[in-house]
Amino acid sequence: MSSDQGPLRPGNPKPWNDPRVRSLVFQIIAMAAVAWVGYTLFQNTITNMESRGIKTGFGFLNETAGFGIIMSLIEYNETMTYSRTFLVGLTNTLLVSGLGILFATIVGFIVGIARLSTNWLVAKLALAYIEIFRNVPLLLQIFFWYFAVLGNLPGPRQATEVAGVAFLSNRGIIIPKPVFESGAGWMGMTLVIALIVSTTLVIWARRRQAATGRIFPAFPVSLALILGLPTLVYFLTGQPIGWDIPTFGTFRFTGGITAIPELGALLVALTIYTATFIAEIVRSGITSVSSGQTEAALALGLPPRRVLRLVVVPQALRVIIPPLTSQYLNLTKNSSLAVAIGYPDLVNVFMGTSLNQTGQAVEIVAMTMAVYLTISLSISLLMNIYNRAVALEER
Amino acid sequence: MATHQPLPSQSAPVVQRGIVRWLRENLFSSWLNSIVTLVVGYYLLTTLVPLIDWAFFSAVFTGAGVEACNPNSACWIFIQERFGFFMYGFYPEALRWRPTLAFVLFALAVVPPFLPLPSRVGRWAGIFGITGLPVAGYILISGGLFGLESVNTSQWGGLMLTLILAYVGIIAALPIGVALALGRRSEMPIIRGICVVFIEFWRAVPLITILFMASVMLPLFLPDGVSFDKLLRALVGITLFQAAYMAEVVRGGLQAIPRGQYEAAEALGLGYWRRMRLIILPQALKIVVPGIANTVISLFKDTTLVLIIGLFDLLGAVKSTLSDPAWNNVMAEGYLFVAFCFWVFCFGMSRYSHRIEKQLDTDHRQ
Amino acid sequence: ATLEEVRDAGEMRCGVSNGLPGFSQPDSSGNWSGIDVDTCRAVAAAVLGDADAVEFIPLTAAERFTALQSGEIDMLSRNTTWTTTRDASLGLNFTGTNYYDGQGFLIKTALGVDSAYDLDGAAVCTQAGTTTELNLADFFRANDMEYDAIVFDTSEASAQGFDNNRCDVLTSDTSQLAALKTQLSDPESAEILPEIISKEPLGPVVRQGDDEWFNVVKWVLFGQINAEEYGITADNVDEMMDSDNPSVQRILGESSNMGEILGLDDDFMVEVITQVGNYGEMFERNVGPDTPLGLNRGNNELWTEGGILYAPPFR
Amino acid sequence: MADDGATLEADVIGAPVASAASDENIIQVTDLNKWFGEFHVLNAVNLNVQKGERIVVCGPSGSGKSTLIRCLNHLEAHQRGEIVIDGVELNEDVKKIEAIRCEVGMVFQQFNLFPHLSVLENCLLAPIWVRKTPRSEAIDMAMHYLERVRIPEQADKYPGQLSGGQQQRVAIARALCMQPKIMLFDEPTSALDPEMIKEVLDVMIELAGSGMTMICVTHEMGFAKTVADRVIFMDGGQIVEAAPPRQFFTNPEQPRTREFLEQILQH
Amino acid sequence: MADDGATLEADVIGAPVASAASDENIIQVTDLNKWFGEFHVLNAVNLNVQKGERIVVCGPSGSGKSTLIRCLNHLEAHQRGEIVIDGVELNEDVKKIEAIRCEVGMVFQQFNLFPHLSVLENCLLAPIWVRKTPRSEAIDMAMHYLERVRIPEQADKYPGQLSGGQQQRVAIARALCMQPKIMLFDEPTSALDPEMIKEVLDVMIELAGSGMTMICVTHEMGFAKTVADRVIFMDGGQIVEAAPPRQFFTNPEQPRTREFLEQILQH
């Protein structure tokens, strides 16, 4: 406010009747109460920990963990420190959440669209799927997939073979692992080149369409380039990628890449459960685009495929994205149920085993919660940016 | 030109009528659709038929113990035999009439909206449900008063515990959620800040970390010697968690009330609290019934997580019996039973919320 | 202090395992039994005169120390291994050993493996947050072998995983292996390998800094061991009251103030032995050869009988 | 609209329009200034209203009419100047604000009835909770005012079941139930269909006849001619002209007023 | 409404209304029958429209007017009979349907602009993706038609920022950008406020003057009188009467038509 407004307020009420004074006092009291509660809790914790001789501080992060973890995206062995186990847990959480989000989105979109299918059978099937799976607790579904379904797969000796290179058993799915030899670098280079060419192609296609109106199928061509060029080079350079094909030892397959069944069960359960919610979101997003929009687009002569892409989807997405992200957040939080079946996620590895070995509950739980808080706050931030970007211009 | 004689309307061509039309429009509207119908139909038949056969037709419903069962079909005897445990956990058998009575009271409070009764009855039943029932239920189930034998909470379990967790979680979370929502819309920045931080914190962390804190860490935060019941602590955790979600739902309702309502109430000389209590909240809560129902349903499902902190809710009870060596291979039956119970309740709740929504609709728009 | 709190509450809260046959397990009406459970009951009998005045709080391995640290329970009796770290840095005190154990391996007979040194590459089921998990890592590393650790949060779940063939080997304390073996769908399909790869003294734990309570819990267990040594059993305790053996008299509080100096009644061991029994009775009842577990006394035999069970004297 | 005025005049012949206002100033506004952020909405407004006086405020959209009357019962806070209502100076003092709101009834353009309460309950709310009138007494009074606005038979309906005109009449009754000394109207008829405008204006004319102090923002010039003691023309947050209706409509002093009247009487 | 007609006629004096229609039938509808379930919506409809002809369709609500014109670009499928547009017979063949939709522009009652695209982009969408016009050319054309509907200055706004009348004019421009041979209008003005009706009708009249083949469902009888070559009256899914406007309005043959006209001209 500018200074020419003179006295800010007319008159002078009695302080106890002045709402500003009241609100100030009230807020100070609230603040004091919160501070007091916080301080008491903190003080209690410190006293309790001291009187019970519990170690405090984050020094434990540099101690040797000494236990094994079945699955790790980063290098890990039992001689590494607790800070490493934290990272292992974190990356495993991110892995299962990331994959879960990917699959749940795919399944959710398919089911959501199936729900709107003109085929009665398909629509009802989608409805039944949604009503059944979203009304059953996720934890139960995780148990079901892990113990009742994956538990009944054959043992590693009787593993189901796929072309003699991939194996499915109750130890998970084992697939060959690529081994890069000299010359593989060429493939990498061609891949980069193919990516650059594709990008240029897309830009060129857009320019050409603007200039001449002709539409070039840039997407399939790019795809072919990205897949085809490196393959071509692969053969030209004498197949420089070897495959580490899993073979059965005494107990297990050695070599190859293993996807453990805990990951599988957790992923399947998270996907199926979250997809029901996503399907409903997608359905309501699509139905929120009025039929008049489709009709108008059809009446302009746009083929149904283009109507979907140019008119329906962009409008539906605005409605879909905000609730969709909150489902993504839920999925990430729900991935912590991993602890029930022993998938080594953050809660299991760090808030479970590490906490138990070090006994430093306060520090470890605080770190775990901080991770989830960070994830959730960053997603909200992105969402706000997105919402502002796509907000419809209104009168 | 002669006077126009309206042509009689003809009946539609066959493809446009009855079952043929239905089939054509819904199952075989294009060749692609026809193929999809056939494929989906085939797979449905080949999976559903054996499944139904397994679960019903060749299933064993009566008999004595595991011997009566056959490995290729469902063995429901298992559920029958452990039914009491699944429903009440370790609750002493002789006293199980008490929780049963509490359930009956609960049903009385809940059912009226489904019956053709005057809406007054429904309202009173609802009021009883959120005031009298918790007290009566607590006295009945916990005992220790009126000469009822006291039953320790560690003996509570099964579906009973699931329902108690969900019910108390909801009843206690609603007022806290409302307070948080009002706080978040307050004009006082500090109050607003506190509420925002509180809500966002609880919404960001997974429930099991909260349950873990509540169940094993809470005494660490309290003065030495202060401690309370484990179940109660789990309930506190669940309630605060739920309250944060509730707050966001209620906030949505508050935002939907037009400014004019606030101003009209203000102009009549009503103070802040009366304005909220008499004008704003009644309208806002009505709007958010579906939202509340949704959070309630997800809370109900989330109560299964108490299994991880060692409480024997329905899932915990069933799961703990699955490792009984006397009963092999009843895992599927056990899980299906739990799934069925939860499904019935969740589905029921969503219907119930529709019913309440209709009943509360006193706007009577023309 | 814990002793007063327990007296005031009229009930002791004891953390136990959430289901391990022979050690602590609830039956379908919620009655707990097992040697760990009896250890709790003995303390309750000593402190409150009523062995049933215990609230059993089932805990997973990962929760147990936090629960004790925070004061959620008064004592922990949950087949917990006594180690330096736990004793020193967790703010806990071990009061003794109620079961001397060692870590072993349970393996499917069908695999045809008869030594733990042949386990290279095996998938091993174990329980989260245990010393077992650490020993396992040490053992395999020391012998330059690889393994997959399949970690469950309860021993029950790890047994189920083993049963479902999720892993080839189940590792745990041998006593637990015996217990878990009974839970397999076909108990005969698995056998325990001969190697014992660690020392696992299991015993009750209390919070550090409360010496009074620490002594009570410690001496109840010592009392039970001494009672066995002097032949005092639940059946003959009344007759033994009249015994001339001064050691017996001291144990039973006939001629001493042992109870008083511990902050208990002088006849506290009488209550313990009548209601729970001496150590031997406790062992036989829960894990001994006549139980489904069928364990021999082994190391848990009295020192006089060739075992290592040796309690300081009441004096 | 000019036509409307004629019809209205015909209608009110029965109701004697008391124009004898006492000398006592029930509202005194001195040098009132208000800003919305940097925007100066009310600029040095002075206004005295005597007891029983009926004032019509008009002016182009955005000229600050609504803001002015919303300041009078402190729905908006002012930043400089003095407002004295019935001898009480309006400032941030909550007690005073509440006291003044009891004496000042307000009717909004959008009715703002409470949709979850029946018509009767809408009218009972403030008397019971603010004035602490016993319920039976409050009901009697509410029915009295509902009769005065000619819809006693709708007492048990909900607002959603009434037409716009009926709703606005309930809103008037609701304000009257507090037995205020002053009534403020903010374009009470502009959200209504033409037929309904008349039924609401009739009620207001009757109310004016009963000697109530009224300030009414409206563009119904017929109404202004019929009942106003003074017509005030605002523009740009200032009072441009204030005059008795006869002079205001036939011979306005300010060119700005003339311009506005030309516009408004056209359609 | 009758008055409106007069005003409109006055407005279009400048625009010569070409009523010379070529002999070529651009639309041939023969024995068209359509059912919704058991309900017979269109009953043996026959209609030939010549190139450049301007047809107004009227009739009571539910008589099948919308359904008829929606059949013409296959937004609804018909079940019996033949529709031939510009020499192509309309059946379930997707390619033909798309080809015909390129030749037939349609304007809806509810505008149905794409809210996520700016006005200009609304107009560019179809030319670029269907006609494969180069972008710069498409922009020129779009601006041309936006000028013709008199809102070139709004090109970069979004539909939500425009008034109803402006939106409907954008909808017309959007359809014109495909340079269709035929324009279908389904009550283009009935969702508009009176002031806006005029601005849309003006545009349509100008369009009619340019010789475009038009079929327009409307109740604006003034418009019908001004531009229609033929007025078609439908009832119960049938064409009851079809006549040049002069005859249709002054001397309808069918009693049913007379009845309808009496009703509609009353208010």
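So that you can tell them apart, the chains are marked A, B, C, D and E in the order they are listed, and the count of residues begins at 1 in each.
Criterion: a contact is a pair of C-beta atoms (placed from the backbone, for glycine too) under 8 Å apart; a residue touches a chain by one contact, two chains touch by 3 or more.
In this text the structure is predicted, and so the values were computed from the model without any measurement.
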- Item | Shortest contact path, chain C to chain D, counted in steps | 2
- Task: Identify the chains in contact with chain D as well as chain E, in label order.
- Result: A, B
- In terms of C-beta pairs in contact, which of B-C and A-D ranks higher? B-C
- Query: Quick one: most central chain, C-alpha centroids?
  - Reply: B
- Item | Chain whose Cα centroid lies at the greatest distance from that of chain A | D
- Chain of greatest Cα-centre distance to chain C: E
- Task: Measure off the straight-line distance from the CA centroid of chain B to the CA centroid of chain D, and report it in whole Å.
- Result: 50
- Note on the structure: In whole angstrom, the CA-centroid distance of chain A from chain B equals 26
- Item | Centroid spacing, where centroids are CA-atom means, of chain A and chain E in whole angstrom | 50
- Query: In whole angstrom, how far does the Cα centroid of chain C sit from the Cα centroid of chain E?
  - Reply: 89
- Task: Would you pick out the residues of chain A that each touch at least 2 other chains?
- Result: 48-49, 51, 147, 151, 339-340, 361
- Query: Counting only residues that touch at least 2 other chains, which ones in chain E make the list?
  - Reply: none
- Task: Could you list the positions in chain C whose residues touch two or more of the other chains?
- Result: 66, 69-71, 153, 160
- Kindly provide every pair of chains that touch. A-B, A-C, A-D, A-E, B-C, B-D, B-E
- Message: Going by the contact rule set out above, which residues of chain E touch chain A in the complex?
- Response: 73, 75, 94, 98-99, 101-102, 104-106, 108, 110, 112-116, 125-126, 128-138, 157-158, 160-163, 171, 174-175, 178
- Message: If we count contacts the way the header does, which residues on chain D are in touch with chain A in the complex?
- Response: 33, 35, 37-38, 77-83, 89-96
- Item | Touching residues (chain side chain A, partner chain D) in the complex | 1-2, 5-14, 17-20, 22
- Note on the structure: Touching chain E in the complex, chain B uses residues 1, 3-4, 6-7, 9-13, 15-17, 21
- Write out the stretch or stretches of chain A touching chain C in their complex. 48-49, 51-55, 66-70, 78-79, 147, 151-152, 155, 170-171, 249-252, 254, 261-262, 339-342, 344, 348, 352-353, 355-359, 361
